[in-house]
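Quick heads-up: structures coming right below.
What follows is a pair of complexes built around subunit A, which joins subunit B in one and subunit C in the other.
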Partner chain A sequence: MRLRAIDWRGAVLPVGVLATAEIAARLTDYQSSSLPRPSEIVAAAATALLDGSMLHATAQTLLSALGGLAIGASLGLIFGTLMGLFVIFNRLMEVTVESLRPIPSVALIPIALLIFGLGYAMEITLIAKTSFWPVLLLTIAAVRGVKPRLLEVARLLRMGLIARVFKIVIPAALPGIFVGFRIAVGAALVVAVTVEIAANPLGLGYAMMRAQESLRPDLVFAYLFWVGLVGWLINAALLWFQRRIFGTVAFRARP
Partner chain B sequence: MSEAAAPAEPALIAFRGIEVAFGGKPILTGIDLDMHKGEFLCVVGPSGCGKTTLLRLAAGLLPPSAGRVLYEGHDIVGPQRDVAVVFQDYSDALLPWRTASGNVSLVYETLGTPRDERADRIASVLARVGLAEHADKYPSQLSGGMQQRLQIARCLAQEPKVWLMDEPFGALDAITRQSLQDEILRIVADTGTTVFFVTHDLEEAIYLGHRVIAMKPHPGRIAATYPVDLPHPRDQRTTPEQPEFMHLRRVLLEFIRGTQT
Partner chain C sequence: MTPKRLLLLLLSVGVAAFIVGIWQLASNLHWVSPIFLPPPDRAWAALLFDIERGDLASRVLLTLEHMFYGWLLASLGGILIGSAVGISSTARAYLAPTLEFFRPLPASALFPVLIAFFGLTENMVLVVIGFGALWPTLLATINGFATVKPRLHEVARLMRLSRRQFILSIALPNAMPEILAGMRLSLTIALILSVTGEILSGSPGLGYWIMLQARAFRAPDLFAGVLLFGLIGYASVQIVSLLESWLLRWRA
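So, the complex of A and B:
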């Protein structure tokens, strides 16, 4: 309905580059076993889409990403709210958080494999670990940024902790929390594909590896562009949602 | 005078030997003050005289460094639901993600009012401040005066015995301010509540109050108390023309000038 959310002028550069590459390849009678022509990539993508293999792989990757996000973002929200509200809790967690955060998710693949073996559980765990951080950090900041006046209103009404968190703190911090969630979504996709390429026989990453092993560079590129397209679509959907919710009167601050 | 009969009954709110200091710097010193039931007490003074600090003590938002704050004879240890606070910064005190009725509903939800009674009560409270037509609007869709009315409506829902008002009309234009002054007087007359009203507007203090307390800064202390001997109900056209009003305004103006030199 709201196609204005997407500016189609953004398509000029990528389409232009591909068209130029195609024309150049045809004019120079270009032959290569590693870098296919754009038309070959499009053909491979069409075949993979039509036989269902590409959509099947996409579903597997998205399922893992969604599962990991659900766990990681929920934990990030809970810990972030507690750490934002209670200085004591923040002090308790600070060293742990800051020393775990720099560990790359990929570096945890061997441990995850030992614990979970191959499959969804291992991938979801690593995605959860990745999406936990941005939600945690932005929730802490957003909760700390809640206007002190609102917290005073809650105090004056003698609201209990649960009511204060759900009726005042989280709604007030929601725009900030959502920014963390958007970052987490992006990271979740990256880690999902990475884990699939590195170890897990699932999803888009694994499909790419299989195409490479069967010497199908056209299919590798088709998957690569597809991953980019899926990521772009998800981000566009989130942006649209963000504008829908936080651009409304309910979240617009009066100047 | 309003407190002629007062000594017989104990003070509703009493400050006894209050000292407040932040980081060793004295903010309030030697405050002894009684507020009686039904009294409209206005507090004026230059900025930094601790008017708002005094209000926060009464609200239970701040404990004194020394001395006692008593409510109905008991020490105030925290906020109480029958004491309502109206802040000057109405847009920060309202929940922007809730409509006008949602903001009032917050009080009923917190008080545990049965769900089926809430809608009627919200409607009646909003009607009392003239917001019946705007129940479904969000604060960002309301003018400043309407937002302040909404904050007053939310306080009305608490059915408070005491109103603590911290320069509530300071950010509003003159016309809106006058109509809200009259609305507060009407609400107070209807409900017989007690009001502690902080303002920097001397005329507002005289117009509204039974008594005006003038404070001095560095450190904040009570400098003088002026009973306001003006008849009720007050009237925006005639009250300011009365000799007592003009006399008090002159006295208070000279007092404020005196604190600034």
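So, the complex of A and C:
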């Protein structure tokens, strides 16, 4: 990707909308329970950041996301490696996988609620379920894409299954697996916020709902931008990491 | 299909049946409480009973309606904005940074914002679906426009095609495979957001219904509803895939 000079035209729309909203609200002395002034959003964001409530909510959301990811991605990695290595296992699981995959995670909220009640456990379970699939599918693809020559080397060296997996297959498939992991991270954040908005009294999603219910549109917007920023930062960090560790390989490994 | 492939497929059905069997056994022997994990036969009976009683079908239809209209909105929006950004570098310069900013936002985070504007209404849910399901189609359209071969650009210039003619007769057909693939992804997002929207807004769709079952500890009905969601997700993607291969039959 080539570097571009910053184009001022990109700023016209957001700056224009914000300025118009601010000026119009000030001129007409308009007070609304749905559309706050941009300056109020900034003030609300600053207050929430300084009193720690925003960071506290962020920590709760990220903790759930991390917990779910750890479980979901590990299971995805284990099953993906097995299903990629042993085509027969992949085929045997086909119907099970294809019938479970289309169930949307949010439709499982009531079941998780019934089993775990409100709290971290149900959120982490749902996030694990969501982040399992991309890691599983991309691991299968990446493991199957490992060059046969490498596997021949493993056979020549008389490596056992464990050594073969850890010394040859996973390192060779890692760029592809990481792409799956990156997708899983994005999905984990989305599901975390969604579960919090729909049911769970934790984290950023719940903070948004509470701000909405207490008629604080400025705070709702502040959280909205914050959620966007957090997601963007995490994705940017992972992309940077991916480029740095795997170079361009990872981008070619995309299925 | 080779006999070996068929055998493996049958075996894989067997594996799925085996898992369901274990689940049935686990519930029957009370390894897990049937309050949380009802045996599959009771979930199945609940499904049949609820369908027979008649209110389930209308709820499914309502959910399908939310999903479909939201998806339509997202697809139209994605193709329109994508065409604008794809054809004109001016539009790209003005719009692209704003779009880049909104793209990573979790769509569900818009619910609290839009509830303030629209209240807990169907329109609110539709707007969120339209926004959340927009991106795959939008990106596919932009990408499809960007991959028009230089030769086709030359052809368009030679034939003195107007911009509109270029879009309709060259760029959009070129982008078609990608747009359709994007719309298929959008559909899944639309289903997810319909469920979330229904849970939040208390709309009488299937999403709110399963939430009610959970609150009433009617696990068999709840699992029946989730099963229906799996079916909806599976069937809708299959239908769009079929449509896709039919629309793209000229490529083969």
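Operating definition for what follows: the second predicted complex is superposed on the first by the 216 of 255 C-alpha atoms of A that agree within 3 Å, B and C clash if a C-alpha of one lies under 4 Å from a C-alpha of the other, contacts with A are read in each partner's own complex, and residues count from 1 in each chain.
FYI, contacts are C-beta pairs under 8 Å (C-beta built on N, C-alpha and C of every residue); 3 or more make two chains touch, one makes a residue touch a chain.
Everything numeric here is computed off the predicted structure, so don't read it as measured data.
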item: Which of subunit B and subunit C A:I177 touches, first, second, both or neither; value: neither
item: Subunit B versus subunit C as contact partner of A:K147, first or second or both or neither; value: first
item: Contacts of A:V135 with subunit B and subunit C, given as first, second, both or neither; value: neither
item: Which superposed partner A:R91 touches (first subunit B, second subunit C, both, neither); value: second
item: Subunit B or subunit C, by number of subunit A residues touched; value: C
item: First (subunit B), second (subunit C), both or neither touched by A:M54; value: neither
item: Partner chain in contact with A:M83 - subunit B first, subunit C second, else both or neither; value: neither
item: Touching residues on subunit A, where the partner in the complex is subunit C; value: 7, 9-14, 33-35, 88, 91-96, 98-100, 102-111, 113-115, 186, 189-190, 193-194, 197-199, 204-205, 208-209, 211-212, 215, 217, 220-221, 223-224, 227-228, 231-232, 235
item: Residue ranges of subunit B in contact with subunit A within the complex; value: 59, 61, 78-81, 83-85, 87, 89, 91-93, 95-98, 106-107, 109-110, 137-141, 147, 158
item: Of all residues in subunit C, those that touch subunit A in their complex; value: 8-9, 11-13, 15-16, 19, 35-37, 90, 93-98, 101-102, 104-113, 115-117, 188, 191-192, 195-196, 199-200, 207, 210-211, 213-214, 217, 219, 222-223, 225-226, 229-231, 233-234, 237
item: Footprint of subunit B on subunit A - complex, ascending; value: 147, 149-150, 152-153, 155-159, 163, 167-168, 171-172, 174, 249-254
